[in-house]
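Multiple structures follow.
Two complexes, one shared chain (chain A), two partners (chain B, chain C).
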Partner chain A sequence: MGRYLLRRLLQAVPVLFGTTFLIYVVVWQLPGDPFAGRCGDRACPDAFVNAMNEQFRLDEPLLVQYGHYIANMLQGDLGLTYNMVPVTDLIAQAAPITLRLALVALAFEIVIGVVAGVLSGLRRNSFFDNLVFVSTLLALSIPTFVLGRFLQWLLGVQWGIITPSVSGEATWGELIVPGIVIATTTTAILARLARTTIAENLRADYVRTAIAKGMPPHRVIGVHLLRNSMIPIITLIGLDLGTLMVGAVVTEGIFNINGLGGLVYDHVMRLDSTVVVPVATLFVLIYILANLVVDLIYGLLDPRIRYE
Partner chain B sequence: MSEQLAQVSTSTRPRGLWDDAWDELKGRPIFWISSVLILLFILMAAFPTLFTRVDPHVADLSRSMEEPSAEHWFGLDRQGRDVFARTIHGARASIIVGLAATLVTTLIGGLLGILAAYLGGWADTLISRLGEILLGLPFVLGAIIILTTFAGAQSGAGPALVITLVVGTLTLLSWPLVARIARSAAYSVKHADYVQAARALGAGPFRIMFRHLLPNVMAPVIVYGSLMVATFISAEATLSFLGVGLRPPVVSWGVAISEAGDYIRQAFFLTAFPTAFLCVTVLAFVMLGDAIRDALDPKLR
Partner chain C sequence: MTLQNRDSGDSSVPLLEVEDLQVEFHTRAGVLKAVDGVSFSVDHRETLAVLGESGSGKSVTAQTIMGILDMPPAVIAGGAVRYRGTDLLGLSPPERRAIRGQKISMIFQDALSALNPVFSVGWQIAEMFRVHRGMSRREAKKRAIELMERVHIPAAAKRVDDFPHQFSGGMRQRIMIAMAIALDPEVLIADEPTTALDVTVQAQIMELLAELQEESGMGLILITHDLGVVADIADRTAVMYAGRVMEQAGVFDAYAAPAHPYTKGLLESIPRLDQKGGDLFSIPGTPPDLLHRPSGCAFRPRCRFRTDECLTEDPPLHDIGGGRGSACHHYQEVLDDAER
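Here is the complex of A and B:
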């Protein structure tokens, strides 16, 4: 187990370096003068341009820039943005908000998606099953930004139930609707996956054996069936953590939430690339760790899986 | 029994997966409904003038944001352009992006997946790791970074170049998913007896990859690809909405929704019509993808 963990973490290192380098190359090759429009209508003073060039080493070869950047990053120094704000501070402010948003979305996915999927898998071709099928079809057809805009208009503007724009503190209550918006697509996929998995396992020999042994139905379903059906469901939830961060870019934009997604979007749009590499690296790191955690959960659910 | 046998022996070709899948599809109303809808949208994309004779670029500023009427079914937008004409003409961008991106992604992903499975070793490691990097990067974020990078080249570029750029971006970020599916499908038959036999008979790498591995990869990749069209159409609209995908003067639903967004309180119809068309298109492709998956993957039925 320990060796397995170590090996997986070591394998993640080249992926992380590959990611940072790839993004770094793309991002710092942004065409256009990064200082255009930085200083109002007039051109930036030479002193400012020089100071920036020195900090980001924009005039040196790419590889030197990158090496310098990584060395600083490993020491926890992510530099300043073009507006002289430390990148670390910006991330520290935005990260908890995005995390809260992701947790709300995750809770919605698990509660609604898994429960609806399991129930419709148990009662195939019932009214409830058909209702879930039509709902998932609709949920998959409505793009996230359309749903976000629509709910914002309906609940926020027309009915006045929620505030159309989330405040700076971004409390849990304010994040419920944006969280649901982010989670909708995955909830539908999750419900469908849970339904087919349950329906498939319901025909498995071990379920028949358990029923034949005279086990009460709640034990057959709750212990045997559910536990064996969890692996694909947990895989999907793990892979989806990345999607939650993405939904963040669109949904945070619509509801005006000051999270990581909005942070990156704002800065890319202003041709300020300082924030992009660290945040993208953070996302990839979360993705890799989530996959690792998912693989470790497999072992808990299915004792046949061994880590060598 | 003897009748049945006689019937089987008279048919010249053995029934395969594709015949079964077609039989299954034929009997499903959802397949026909979605096909008709998709054909309608493709017709709209190819020949928009069949549906409207109004030029989507003609603007009459004095009639800005006029409500829907008999003359202008969907009303007029902020610049006084006919929303019906713009919605019809907007189909082209979505359909082209959805179909082209899916085609290129499945071809590249499928090819790289088969190569990774067949070659193994460092080629497999390289393709898989590269895929992992691209998949770890959130889709929309990656697309925003790539598209803004080329935004300079995009200004003043023709619609064809802009659409190519969006298709290229979607492909670049999505091929690893297809490659992963193709790789595992090809890998599962790589050591099968018939492949070994073909190798023993002197079949070259190309023959093994395309005659023996490819047919096994087709079904899972087609299943995935058919659902991917919907994802790409939705992604194109999302990126255009964010202002990094297609942009005016290209007529597209995403652009229209983005432009109308600021006036949602005064003129809801401006948002409603392109949104409805977008959602119905995505819905049609999701339903078609569902039907194809059910037909090709009987295990999930």
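Here is the complex of A and C:
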């Protein structure tokens, strides 16, 4: 177990370097001059542009820049933005908000997706099952940004139930609708997956055994069936953290939330890679760790899986 | 133990009695009669072997007795399953549950898939005591170890926390048996308990079942397609074909002189060492499609005793004396044929 953990963490190192490098390259490939539009209506003086280029090493080769970036990052220094704000401060301010948003989204996914899926798996071909099927189809066919804009317009502008744009505090209440927007796609996939898994395991021999043992239905389903059906569901939730983070970028942009996603959204628009790369790196790190946790949960759920 | 109690029950009422049971499957292609008027009974200390090939309705009958049939698609169209005189088919689900696993229990063909892969075997046995007897975890585990010892699992105390996949096939079936006898049931139904096992292990499992029956006095219903398995342990046999009982007899009688062409065919198709090198016998034809049952006798198309009568008249289970029954118009001819 300890060795397995160590191996997995070591495997994460090249993944982290590889992904950050790719992100670095891609961000720098974005067209446009980051300093061109910074001086109001006039073109920026050459002296300013040169000074900025020098400070942010933009005149050096990409590999050298990346080397400096990594070296500083390993010392805990993420540098300044082009507006001379420490990146660490921005992340520290934004991270709690995104964490709250992610928790709202995760809770929605798990509660609605898993419950709907399990119930429709237990009652296949019922009215409820068909309702879930149609709803998931609908949810899957609407892109996140369309749903976000639509709900913002409908609930925020037309009906006035929510504020179209989330305040600086980003309270739990304000994050419910954005959280649902992020979670929609995964909720639908989770519901589908849970339905199939439950329906399949319902016919398993061990379920028949549990019934033959005279176990009451809540035990047959709640203990024998569910425990066996959790593995694919947990896997999907782990893998989905990626979708969640991408969703956060788009959705935070739409609802004007000052989280990590919003931070990336704003700075991509301004061609300011100083923020984009560290936040993306953080996302990668979270993703790697989340999937490690998922793999460890497997071992708890299924004794046939052992780590050596 | 409870032996005295059990034997002093009303002796005129059989322990478990199946009467004219009818189970249908409603499929898109039509109604399939999987069990069509099956009757038999089993008493304390008695072993009834239900013989038949796949699709003969023997497992469906067992599942109906247990109340673990998937309904739908199955529908119980008629008949009764009486446990000590009470018709189980008329009970409410909670009443049924109180009997299932406690009074009548069951073991299955493939113990690996029948055991839950994610719980330890001890947990699965202990669950019987915890749920039905309200025992504490600790007490239930102690009882689980005792049961594992009773079914002769070596080092039971050490293996109680192991998982099903860590046991051999024979040991897994022993664990199933331990679970099934945990609450001292009066009837144990074993649905092809040795089919998935090696021949040597098969014999050990049958011995174990016989031993446990000897100790507890439970009635045993042994469902199998393997005549060899039955011979040593069963008292009586009911031979099923196409959802019906073709022949009922004491095991010795049925083996010595079958009174139904199907039983006869089954016995003749056992390979024999003294006829080594000769052709293996098999019953010609295939079992009928239950959606399109032949007219008259269901076995007719495969029968060498058939006459015109068999084409139109569906034979009832004739009482042929000596506590035997045969669903064949020509049972006398079949009996005589055996004596030749």
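Annotations for the structure displayed:
Following the convention adopted for this analysis, the second predicted complex is superposed on the first by the 294 of 308 C-alpha atoms of A that agree within 3 Å, B and C clash if a C-alpha of one lies under 4 Å from a C-alpha of the other, contacts with A are read in each partner's own complex, and residues count from 1 in each chain.
Keep this in mind: contacts are C-beta pairs under 8 Å (C-beta built on N, C-alpha and C of every residue); 3 or more make two chains touch, one makes a residue touch a chain.
On a predicted model such as this, the values are computed, not experimentally measured, just so you know.
Bringing the complexes onto one copy of chain A puts chain B beside chain C with no clash.
With chain A as the common frame, chain A serves as the apex of an angle whose CA-centre rays point to chain B and chain C; its value is 80 degrees, to a multiple of 10.
Ranked by how many residues of chain A each touches, chain B and chain C are led by B.
In the superposition on chain A, contact is made by A:L301 with chain C only, not with chain B. Contacts of A:T19 after superposition: chain B is touched, whereas chain C is not reached.
Legend: residue contacts after superposition of the two complexes on their common chain; A:Y206 is shown touching chain C, with no touch to chain B. Of the two partner chains, chain C is the only one that A:R219 touches; chain B does not reach it. In the superposed pair of complexes, A:R227 makes contact with chain C only, with no contact to chain B.
Once chain A of one complex is fitted onto chain A of the other, the partner contacts of A:L138 are limited to chain B, with no touch recorded for chain C. Once both structures are fitted on chain A, no C-alpha atom of chain B lies closer than 9 Å to one of chain C. The residues of chain A shared by its contacts with chain B and with chain C come to none at all. By the touch criterion given at the top, residues 66, 68, 97-102, 105-106, 108, 110, 113-120, 127-128, 131-132, 163, 165, 176, 179 of chain C touch chain A in their complex.
Every residue of chain B that touches chain A in the complex is listed here, in rising order: 129-130, 132-133, 135-142, 144-146, 148-153, 230, 234, 237-238, 241-243, 257, 261, 264-265, 268, 271, 275, 278-280, 282-283, 286-287, 290, 299-300. Those residues of chain A whose C-beta lies close enough to touch chain B in the complex are 14-15, 18-19, 22-23, 26-27, 29-32, 137-138, 140-146, 149-150, 153, 157, 196, 200, 242-243, 245-246, 248-250, 253, 261, 264-265, 268-269, 271, 276, 280, 283-284, 287-288.
Residues of chain A that touch chain C in their complex: 204-206, 208-216, 219, 224, 227-228, 301-304.
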